[in-house]
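Both complexes below contain subunit A, partnered by subunit B and then by subunit C.
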Partner chain A sequence: MFVPFVFVILFFFVPMAWLVATSMSTHEVGSPPVFTGTLEHYARFWTDPFYLETALWTTVKLSVVSTVLALIIGYVLAYYIAELPAHRRGLLTSMVVVSLSVNIVIRIFGLNVLLMSGGAVDSALTFLGMPKVRIMYTELGVLIGLVQIAIPYVVLPLIGVLAAVDPALKEAAESVGANKYKTFWAVTFPLSLPGVVAGTLIAFTLNAAAFAIPSLMGGGRVKMMGMMAYVQATVQGNFPFAAAVGISLTLLSIVITAIYLFVINRTFRTARKAA
Partner chain B sequence: MAEQFDIELSHCRKRYGAINVLDDVSLRVKSGEFITVLGPSGCGKTTTLRAIGGFITPDSGHISIRGRDVTHLPPYKRNIGVVFQNYALWPHMTVAEILGFGLRIRKLPREEIARRVDRALGMVQLTGLKDRYPRELSGGQQQRVAMARALAIDPEVIILDEPLSNLDRRLREELRIELKRLQRSLGVTMLFVTHDQEEALSMSDQVVVMQSGRIQQIADPRTVYERPANRFVAGFLGSANFMAGELVQNAQDGKAQVKLGNGAVVGAYAPSAKTAGEKVTVIVRPEWLVLERPGNQLAANQLEGTVGDVIYEGSAIRYGITLDHDPEAPIFLQERSNADVLNPGDKVRINVINAIIATD
Partner chain C sequence: MTATTAVSSGKARWPVPTGLGIAASCAFAFVVAPLIVVAGAALNAEAMFFPPRQLTLRWMMAALTEGSFVNGALISFVVAVVAAAFSTLFALPVALQLRKAPPAVARILTLSFMGPLLVPSIIFALALYSVMIYAFGVTNLSILMIGHVIITMPYPVRTITAVTEHLDPALEDAAGSVGASPWRTFVSVTLPLIKPGVIAGFLFAFITSWNDFSISVFLTPRELQPLPIKIYEYLLYQYRPIIAAVSTWSVIGSAIIVLIIDRLVGLNVFTGRRS
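Here is the complex of A and B:
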C-alpha cells in the first residue's frame, strides 16, 4: 500500500510542483530561473493574440476535431469487431492492441510515406485527375496523424462495452417495433456511452498535448501548444515560459473535459426525460 | 376459406452445423389459446420461439401470424409481444420509458402513450413504480415489467421464453396463476416456452411436447398426461413405471387387456391397434397404483412386492417397490400421506387401476 503512494508522490506530484514553481519564476538569459511567484509568463501567453490565435486555437481545434473523427471511425470499427463471434473478435482486438504498441515515430514515418508528395495518396489523387493537394506539413496532415494515433484508444474501450451489451436488449427493442437504426440510437448507443466517454477522453487529452505529430508532420508550420513549450524550453531556453505554456495546456484540457462531461450528462438526462 | 390461426408454423426446419434444431416443426394456435412448448434442455424450444419472433429465419417452412406470412419479415414488422427469459429490460430507462418505447415508435400522441402505459402497469399490478429503473425492482417486478412491455404494444400474439424460471418457487406459482388469469381476461393468444411440466400442465389449453427438434405430441394437458403419444412423452411428463406384458386379446377402440409377468391382467389404453399375443410395454403412473391390504386371494389386476425406499414428499408419500415377479424393474407408487406409512421390507399387494400401452 505504501510503495504506490511514494511512487506517485515522487514521480508525479514532485515534478508537477517543480513545473508550477518554474512557471512562476523569473527568466534571465544565462542564469537559472529564480522563484518569485510571478504570473508574468501566464499573462504573456493569455494576452498575446499571437499565442491565442495560433497556438491555443490550433490546439483546441485540432484536438477536438481529431477526437470527433477518431470517435466516428473508431465506433464503426468497434461495432464491427464487437459483432464478430468471440474467437475472431479476439484476433482483431489484439491487432488493435499491437497497433498501439508500435512506436509513435515509426507510425508517423509510415504515414509520411503514404501522404508525402509523390506518395501513395498523392499518386492516387493525381491518377484520378484530382487537383494536387498538399497534405504533409499542413494542418490536414497533422489532423490525419492525430486521428490515426487516437483511433486505437477509442476502439479498445468501445469493443468492451459494445460486446457487453446483451443482444436480448436489442431484440427486445426490435420486438416492440424499433428497426435497426432506432434500436441503435435508443439502446446500443446509450449503453455504450461509458466507452465513448473513456475513449474520447483519452484521445482528446493525448491529442491536446500532442508533440511528436505536429513536430514531424507539421513541419514547424502547425503550432500546437505542446510543441511550442518544447521549442521554448530547448531552443529558446526559456524554461519558465515553457512551463507556463505546459500548465496552461493542462488547465485547458481539464476545463474542456469538464464541459464535455457536463454536456454529456445533461443531454442524456434530458433527452430521456423528454422522449 | 380455411380456418385462420393466430400462429401457424408449417414444416419449419433449422439446422446448426450437424444438428437439426428444428426438424419439421408444424403447429397451429387458435385465437385466444394458451399453448405451451415443453421439452428438455436443448430440444429446440427457444429456437421455435425465436423463429416466431423473427430473430432467426427457418431454413425452410413457413410461419404465419393471423394468416399473414411473416417468415421473412424482421421482428419489428411482426407486432408480436416477446417476454425474454432474463427479461431484457433496458437498464438506462425507467419503467414508464420502457413501456412507452414501442408506443413512441408508433408515434402515438403523448396522452395516449401515458394512458396505455398506465393501463399496462395496472394489468400487471405495478402502478406507482413508473419512475423506477430496472435495477431498483425485484425479480418478480422485473418479470411484470417485461410482461407489461409486451402487452403495451397491443400485439397480435405474445410469446414467452421461460418467463418464470428465474423466480423462486412460491412467486413462480403465484405469477403462474396471475399470468393465466390475465391471458384469459384479455383473450390474447400466448405461446409459452418452458421445461417445467407442472407449469405446462396447469396453464395450457394445448401442450406441445418436443424432443431433439421434433414435436412428439400436441394435445391438451390431460391427454398428454393420461394418453401420452409415446414413451418419451410418458416419461417426460410426470413419472412413469414401465412394465413388460403380453396382449390377452386384440386391442380395439383403444381398449386392451394386458397380462403382466406374474399373470395379473390389467385393463390398458391402446393408442394403436395390436394383435393378441403381442409383447408390449405398459406405462403405469405412480398414482395409478393403489395399495391393497394383503388378503387370501390375489385379484385379477393385482401385483405383489416388497417396499424398498420410502420418500416422504409432504402431500404424498412415494414408495419404491420391488415386484416379486420382476425384481429387476422396481416401480414407484404414490399415495396420499395421511394413510398409514409403510416401512422398508413390508410386503405389499398393489392394485393396478390404469395403464397405457407404450408405442415405440
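Here is the complex of A and C:
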C-alpha cells in the first residue's frame, strides 16, 4: 500500500508539479529554467492570435469534431454487432479489439498508404470522375486519422451497454405503437448513454492530446497543442513555454470534459423527468 | 475487401441488406482498413502501393532477419511485461485497501491512482522527461518503464476493484478464525477469488504499454528504441516495404495477444460486460 502510493507521488505528482513550476520559470537559451513565478509564457500563448488560431482552435475543433464523428460511426457498428446473436458477435468484436491493440503508429502508416496521392482512395476518386482532393498533410487527413484511431474506443463500451438492453423494453415500446426510430430515441439511446459517455470521454482526451497523428499525417502543417509542446521542448529546447502549452492543454481538456459531463447530466435528468 | 465480405456473410439470414447492415459494413471496413493495407503493402514486390501489384514474401522474411527491428520488438515486449507486472503488483494492495478504507480516504486514493487518466499522456511524458533530464541529464530504459507503470496502473486498479466489490469478507474472516496468517489468507483465499480481475488488469496494462507512443517518444534512450518509435522515425522520412512487413508482424503479434486474452478471460473485459 505504502510503496505504490510513494511511487505515484514521486513519479506522477512530483513531475506534474515540476511541470507547473517550469511553466512559471524564465527561459534563456543555454541555461536551465529559473523559477520566478512569471506568467509570461501563458500570456504569450493565450494572447498571440497566431497560437490561438493555429494551435488552440485547431486542437479544440479537430478533437471535438473527430469525437462526434467517431461516436456516430462507432454507434452504427456497435449497434449492428450488439443486434447479432451472441455467438456471432465474437468475430467482429475481436477484429475491433485487434485494431485497438495494434500500435497507433502502424495504423497511421496504413491510413497514409491508403490516402496518399496515387494511393487507393486517390485512384478511386479519379476513377469516379471526382475532382482531385488533397487529403494527406491537410486538416482533413488529420481529422480522418483522429476518427479512425478513436472508433474502437467508442465501439467497445457501446457493444457492452447495447447488448445489455433488455429486448422486452423495445418490444414494449413497439407494442404501444412506437415505430423503430421512436423506440430507438426513447428506449435504446437513453439506456446506452453510459457507454456513449465512457467512449467519447476516452476518444476526446486522446484526440485533444494527439501527437502521432498530426505529426505523421499533418506533415507539420496542422499544428495541435500536444505536438507543439513536444517540438518546443525537444527541438527548440524551450521547456518553460512547452510546459505552459502542456498545462494549458491539460486544463482545457479537463474543462471541456467537465462541461460535457454537466450538459449530459442535465439533459439526461430533464429527459427522465419529462418521461 | 475482406472486411465487407466478413460482415455480409454474417447476415446471410436476411436476403436484402438493410441500411444498418450497409452502414455497419462501411464502418467496419474503415476500422480494419489500415491493418489490411499494411499487410497488402508488405506483400508488394515493388513500391508501396495498395492493392499490391506483384505478391512476394521477400519483405516479410527480410523483416525477421533485420536485427534492429527484432531488437525493437524485444524491447517493446520486455518493457510491456515489466511495466504491466509492476503496475498490477502495485494495484493489488491499492484495490484491496480501497474496499476497507473509509469513503473519504477511498476517494483520495482513487483520485491519486486515476489521476494519470486525466492528464494527457504526452504532457505527463513531458513532465517526467523534464524532471529526469534535470536530475540525471539522461533518460534510460528504467525511466521509460516507470512512465509506463504510471500510465498503465489505472487499469488493474479498476479491474481488481471491480472484482473485490463482489468479495465476501466473511470468507477471509473464516480463514483468519481457523488460524491462518494474513499472508496465508491472502494467498489461499483472496487471491484465487480475485484472479480474473488481476489477469484482466495485467493484460490491459500490457496492451496499453505495448500500444504506447507518447510516453516512449519522450523517454526512449537513443540506443534502445522500442519498435513503434523505430517505425515512427522511418515513417517521418520514407516509406519502405520492409517497414510495412515489420508492421505486419507486429499486427500478427497483437492478434495473437488478443486471441490469448479471449481464451483466458474472454473479450468481455474490453466491452465492460460482466458475465
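Simple rule for what comes next: the second predicted complex is superposed on the first by the 265 of 275 C-alpha atoms of A that agree within 3 Å, B and C clash if a C-alpha of one lies under 4 Å from a C-alpha of the other, contacts with A are read in each partner's own complex, and residues count from 1 in each chain.
Here is the rule we go by: a residue touches a chain if its C-beta (ideal position, glycine included) is under 8 Å from a C-beta of that chain, and two chains touch if they have at least 3 such contacts.
Please read all numbers here as calculations on a predicted model, not as lab measurements.
Should subunit B and subunit C be called a clash or a fit once both complexes are overlaid on subunit A?
Verdict on subunit A: subunit B and subunit C fit.
Given Cα centres, how many degrees, to the nearest 10, is the angle at subunit A formed with subunit B and subunit C?
Spelled out: centre of subunit A as vertex, angle of 80 degrees.
Determine, under the contact definition given at the top, whether A:54 touches first (subunit B), second (subunit C), both, or neither.
neither
Of the partners subunit B and subunit C, which touch A:211 in the superposed model: first, second, both, neither?
second
With both complexes overlaid on chain A, does A:174 touch subunit B (first), subunit C (second), both or neither?
first
In this superposed model, does subunit C or subunit B come into contact with more residues of subunit A?
When the residues of subunit A touched by each partner are counted, C comes out ahead.
Quick check for you: in the superposed arrangement, does A:38 touch first (subunit B), second (subunit C), both or neither?
neither
Would you check which partner chain A:13 touches, where first means subunit B only, second means subunit C only, and both and neither mean what they say?
second
Let me test your reading of the model: by the given contact rule, A:190 touches which partner, first (subunit B), second (subunit C), both or neither?
After superposing on A, A:190 lies in contact with subunit B but is clear of subunit C.
I'd like to know which partner A:101 touches here: subunit B for first, subunit C for second, both or neither.
Only subunit C; A:101 stays clear of subunit B.
Subunit B and subunit C, closest CA-CA distance after overlay, in Å?
Value for subunit B versus subunit C, nearest C-alpha atoms: 14 Å.
Identify the residues of subunit A that lie in both the subunit B contact region and the subunit C contact region.
Overlap of subunit B and subunit C footprints on subunit A: empty.
Write out the stretch or stretches of subunit A touching subunit C in their complex.
Counting only subunit A, the residues touching subunit C are 1, 3-5, 7-9, 11-16, 18-19, 22, 32, 73-74, 76-77, 79-81, 83-84, 88, 90-114, 118-120, 148, 151-152, 155-157, 159-161, 163-164, 195, 198, 205, 208-209, 211-212, 215-216, 226, 229-230, 233-234, 239, 242-243, 246-247, 249-250, 253-254.
Given the complex with subunit B, which residues does subunit A contribute to the contact?
Touch residues, subunit A against subunit B: 166, 168-169, 171-179, 182, 186-187, 190-191, 272, 275.
Which positions of subunit B touch subunit A when the two form their complex?
Answer in residue numbers: 53-55, 74-76, 79-82, 84, 86, 88-93, 97, 101-102, 104-106, 149-150, 152-153.
Considering only the defined contacts, which subunit C positions touch subunit A in the complex?
Interface residues on the subunit C side: 3, 6-7, 10-11, 20-21, 23-24, 27-28, 30-38, 41, 48-51, 90-91, 93-94, 97, 109, 112-113, 115-124, 126-131, 134, 146-147, 149-150, 153, 207, 210-211, 213-214, 217-218, 227-228, 231-232, 235-236, 239, 243-244, 247, 250-251, 254-255, 257-259, 261-262, 267-268, 270-273.
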